[in-house]
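Input: structures, listed below.
Each of the next two complexes has chain A plus one more chain, namely chain B in the first and chain C in the second.
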Partner chain A sequence: MVLLPLSLRCLGAPRLPLVLRPLPRVFPTSGAAASFTTSSTLLANPPKKANPQKGGNVKNLKAIAAKQRASSNKFQHKRKKRDIPERKRQYLDGQRKIIKNTIVLSNTNAPAITLPEMAKELAGNPETENTVFEIPGSVVDKLRHIEAFKTGQHWPYFQKPGTLVRKESTEIGAMINAVNEARLNKTELHERRILDGVKGSGRSILLAQAMAWAFQSDWVVISIPNSLDLVLGHTEYEYDTHWNVWVQKEYTAALLQRIHKANAPLLKNLKSTTPHRVGKTEKTFQTLLKLVDAGIEDSTVSHDIFMALIAELSMTDRPPVLFALDNLSLISRLSENRDTGFAKIHAHDLGIPNIFLSYLNGTKDFPRGLTIAATAPSPRTPDLTLALKGEKPGPWDKTDERIAPSIKGAKVVKCDPLRKEEVKTLMDWYTAGGIYKGAVTLETVAESYALSNGNPAELFKGCLRLKY
Partner chain B sequence: MAAASSKTIRCCYRVADGLISSNPQFRSRGTVTLLQQSRAFSTTQKTSQLEESIALRTRLIPASASYYNANPEYCDNILALEELLRKHETLPTVPGDQAPQVKWKTLVEYRDMIGGYVKPSRYNRVSRILNRLNRIEPSLLPQETKEALEPYKHVANEHLNIPRPRTVDGLGRAYGCGRRKTSVARVYVVEGNGEVMINGKPIMDVFPRLHDRESALWPLLSTSRMDKYNVWAVLEGGGTTGQAEALTLGLAKALLVHEPALKPALRRAGCVTRDPRGVERKKPGHLKARKMPTWVKR
Partner chain C sequence: MVFLLGVSITESTMVTKALTSFYGIGPNVCARLCAKHSIHPMAKLASLQTPKLNELQADMAKMTLENDLRKELRDNIGRLRELGTYRGRRHAQGLPVRGQKTKKQVATARRFNTLERRG
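This part shows the complex of A and B:
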């Protein structure tokens, strides 16, 4: 009996004496009594309770706790907020592109050099070979309008634009003379040429020279200065069911603008009586200038107008036409433009390359004129390279069969390296122009010739650079 | 008994040593390589008797003082050389670069000569003495020393084996071979007017960069000879820089065949010496030659 309550007690929870009882896990943090701890953090006042009405929340609590922790550390410096100056924009939108593409044709700091003018009478004269000529002022503006001058050429270093007449120049000059004679004799002559050579061999300069002589001989000059613009996919394009090509109306309008600027006085006097298809209607323009203006004003019909202009110029008793295109290699491959099935459009299916190539390969002819193209150093176009050589691709080669026929019949003008005499002439000119600082001797000419290997662009670079 | 016997032996040796050092006759005995006398010492002999019979009991001792050395042949050799040097130490010497050019026997050859293993450091000791003896003013060099040095000379004297000088061949071509990194340039130079053809191509096609063209033709440019010679070269291996600089060396060597007097000018232009630098080897623990993996805390 006596044992019973004892035994029952054994079954219950063990009762530890009060002193041995474990402390509750969570220390009371609030209340007047300071908790027993040596930690200064815990000695600090407890954070204020979040008041949802005052916008307090868990995040705020955390921030407060962090702030307190930080303030408790004596050695922590307060960081000063640095004034961040407002960054000025170095260039406005599109400003850099303008700077990059600006053509500088004169350097007022350069010494003046007296050079003979590159007159039309000198075209094709073999005696003018190996001579530096000045491009006549009357032509410079026209060449600038038609974008015959390129960035990266030597123009910005001289007071007036000058150029060396080479063997290839006289070859082209002779062609221009021949066409001028045909004009006098009222016979027909349409020459087709392709300028080929390595990078920096002077193809674009030769094109500019041809244009300079053509302008002086009152030719209509149509130039596509860089066919890259057509195939890069940056210009808008659409399929035209009438012409069955992809037309680039905005580009064509800009091209017409350039044609207007460069050829206005000539086109003004060319009367037109033939009606032309403009959009869905047919129109007759009094002069070719008005025809061109119609295309500039309304870019939706620009391609029709361009085709009308070409057709007008292909009529008899029209002045000779110089139809030029730079970077032929770029239109001798697939373009970056995509069709509705997202396949790449062949550059030959684009309106302007298509019409240019039809004149280059003789499918269409001007009664009198010169269609001339210059190849590009890159990209590699094996089909074009083979076609220019007149070779056929191997049986296992992947070939683009449209390339060889597209330039069929056009003669190739090779831009060979300069000869040593030409190197000397150029170096004399560079010395007069303050570009080359050394003496022009047999030795230095031989050195420049060996280092540049007769490449005009490399020669200029080598002479421009500080000597060793 | 045992203690007494060992004491006696020690005593005997001391006496023998004394004899050797005091009596030159013993030293000048012929070559004895083995202990020719191995006489049993009687433990019954008395000290007084021993003293009396010193002269009688003369025994054969090794002729070489270094008999008990690990490498007696070497020791003899070095001692003889040291003796020789001591003898002629006071003779006037010439600076090292004016001394007659000799090439001593290689370590392997010297080991063969000695007939045993010799440490490289010990051989260095020999060659130091030989070099010192060689520096004695040649006109005053005693015949004895001259003869003593002869067996140490390397049989084929490389310094007399001068390479055949290169000449311009019957067609007027001078040949030079240059190397840099892994590139090799075989260059032919003829008198001409500054035409350059590399691997059958114009230099522009091979080196599109002006700097490379310049460094390739630097021997001609730096000596103002660009308009005097034509260059025809074959380049193999390596990259653009290596090929250009291999051409520099090859061209300089070929140019020196035409005009040997240009050597100082070309040396100043840095065209004569082969640049020995190549790709640095990769090391274990590194990602490349020097690059280490990113440091991580743990």
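This part shows the complex of A and C:
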């Protein structure tokens, strides 16, 4: 009996524990149903049903739509456009090239050094060897116009451009003196030289020194600062049937421009009476400056004008001429220009190298003058190396037979490494100029001499590096 | 503006760039064409004198270029196809023509070989 109530309870409805018992579900009435989203627009009371008979509700609907549109527009207005900063061009067209090629000849921050001037009277004087001279101010601008200064040289580090006179300098100076004497004695003398030295050995500086003395002695200076421009195939070229060479008229016009800038006062006083071929006509110019100007104004006749100028300067009563070219090795091989049959044009068939080499090998002569070329051992073809040594190629060697005759008779001036005394002189100059901060002692001179191997460019780099 | 084959090209364009923009003139033909007229590789159209430009235009007019060249190519392939040759069929099928394998590297063939090749 005791079990009876339990068993009866089992028969009853099952009782779930409290936790599992489902919560009473309260279904709210449809009018009070909460929206799924919390968006204010949707939470708003639903708009009243449109009753077209009354008309007011339609208006209301339109108003709501307009409001919504306005609010959406407002939202769009709030979005600010990202400010894209206008990109400024760092450099204009061609600006970098100008910066790269700008020659800086003065540094106002560098201490002033008093140096003797490189006067024309000192040219060829052996006593001036191993001395640093200042290039006279009257010549600096002319040298700049003729592009005697190159980038990468020591000029931007000193207040005024200075240069060391070496044994090779006096050798060239002596030649200039000899030509000046010939001018006074009204005899003829045309010297021909080739400066040969490794990279940084001072060939271009020697050319600049020669030009500086030549300008002071009232010579006409014609300089081709880098023959690479002629053979790289980046200048206008065309075949000239009159001169039988490939002429580069744009380059020649630029060359005439440089000649004008550097030699204007001298050319202005040189009268001309000979008619010259200019294009298809013959013309006579009053002065050589007017002749040069004609070539600058009209580049199509620039080569004719250049040849006329050279012919005029080759006359007996003309002042001495310095005809200089840097990088002879580059015009002693094939150029990158192509002829009409797609073969590479030999650099000797290009107008300006052709005329330069004819003066270098003595085919043509100035009555008084100096034709001088500079060359490095690299890049250089074996033909030129052998020709400079005066040796003949082997019987089985493939040779360019035009190279040896092109420099025949021109004497080679070797640009030797600096001597220890010259290293000391240069280091003293660098110290005075604030380039070298150490003490100039026997040890430091010996060290710099050993490290640079007597190469002036390397010596300068080494002294400059020790500063920092 | 300079006109080459009826196409106007800005004067600041390099000659090599302008020439190679035409179907049928690649770097090699362009170099030979420039050499023939003594135009250096860095020259711009603006630097060409009128006689030189006229000569260049005349030379280009003589050459088979653009649509004429495309048509020639299509005709050549069409001839192979009409003859029922293996090469003609392969062109039409978009498959390699010269014995290349077709398991993987047939991208070029798929790209170019169609019934009517574009060029």
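Here is the rule we go by: the second predicted complex is superposed on the first by the 375 of 468 C-alpha atoms of A that agree within 3 Å, B and C clash if a C-alpha of one lies under 4 Å from a C-alpha of the other, contacts with A are read in each partner's own complex, and residues count from 1 in each chain.
Here, contacts are C-beta pairs under 8 Å (C-beta built on N, C-alpha and C of every residue); 3 or more make two chains touch, one makes a residue touch a chain.
On a predicted model such as this, the values are computed, not experimentally measured, just so you know.
Contacts of A:G462 after superposition: chain B is touched, whereas chain C is not reached.
When both complexes are overlaid on chain A, the residue A:P417 reaches chain B alone and has no touch with chain C. With both structures placed on the common chain, the touch criterion links A:A450 to chain B but leaves chain C unconnected. Of the two partner chains placed by superposition, A:Y251 touches none, neither chain B nor chain C.
Comparing chain B with chain C, the partner in contact with more residues of chain A is B.
Counting contacts by the rule stated earlier, no residue of chain A appears in both its interface with chain B and its interface with chain C.
Chain C contributes residues 31-32, 34-36, 38, 40-43, 47 to its touches with chain A in the complex.
Remark: chain A residues 198, 417, 420, 442-443, 445-447, 449-453, 455, 458, 461-462, 465 touch chain B in the complex.
Of all residues in chain A, those touching chain C in their complex are 233-239, 246, 337-342. Across the interface of their complex, chain A is touched by residues 193-196, 202-205, 210, 213-214, 217, 220-221, 224, 226-227 of chain B.
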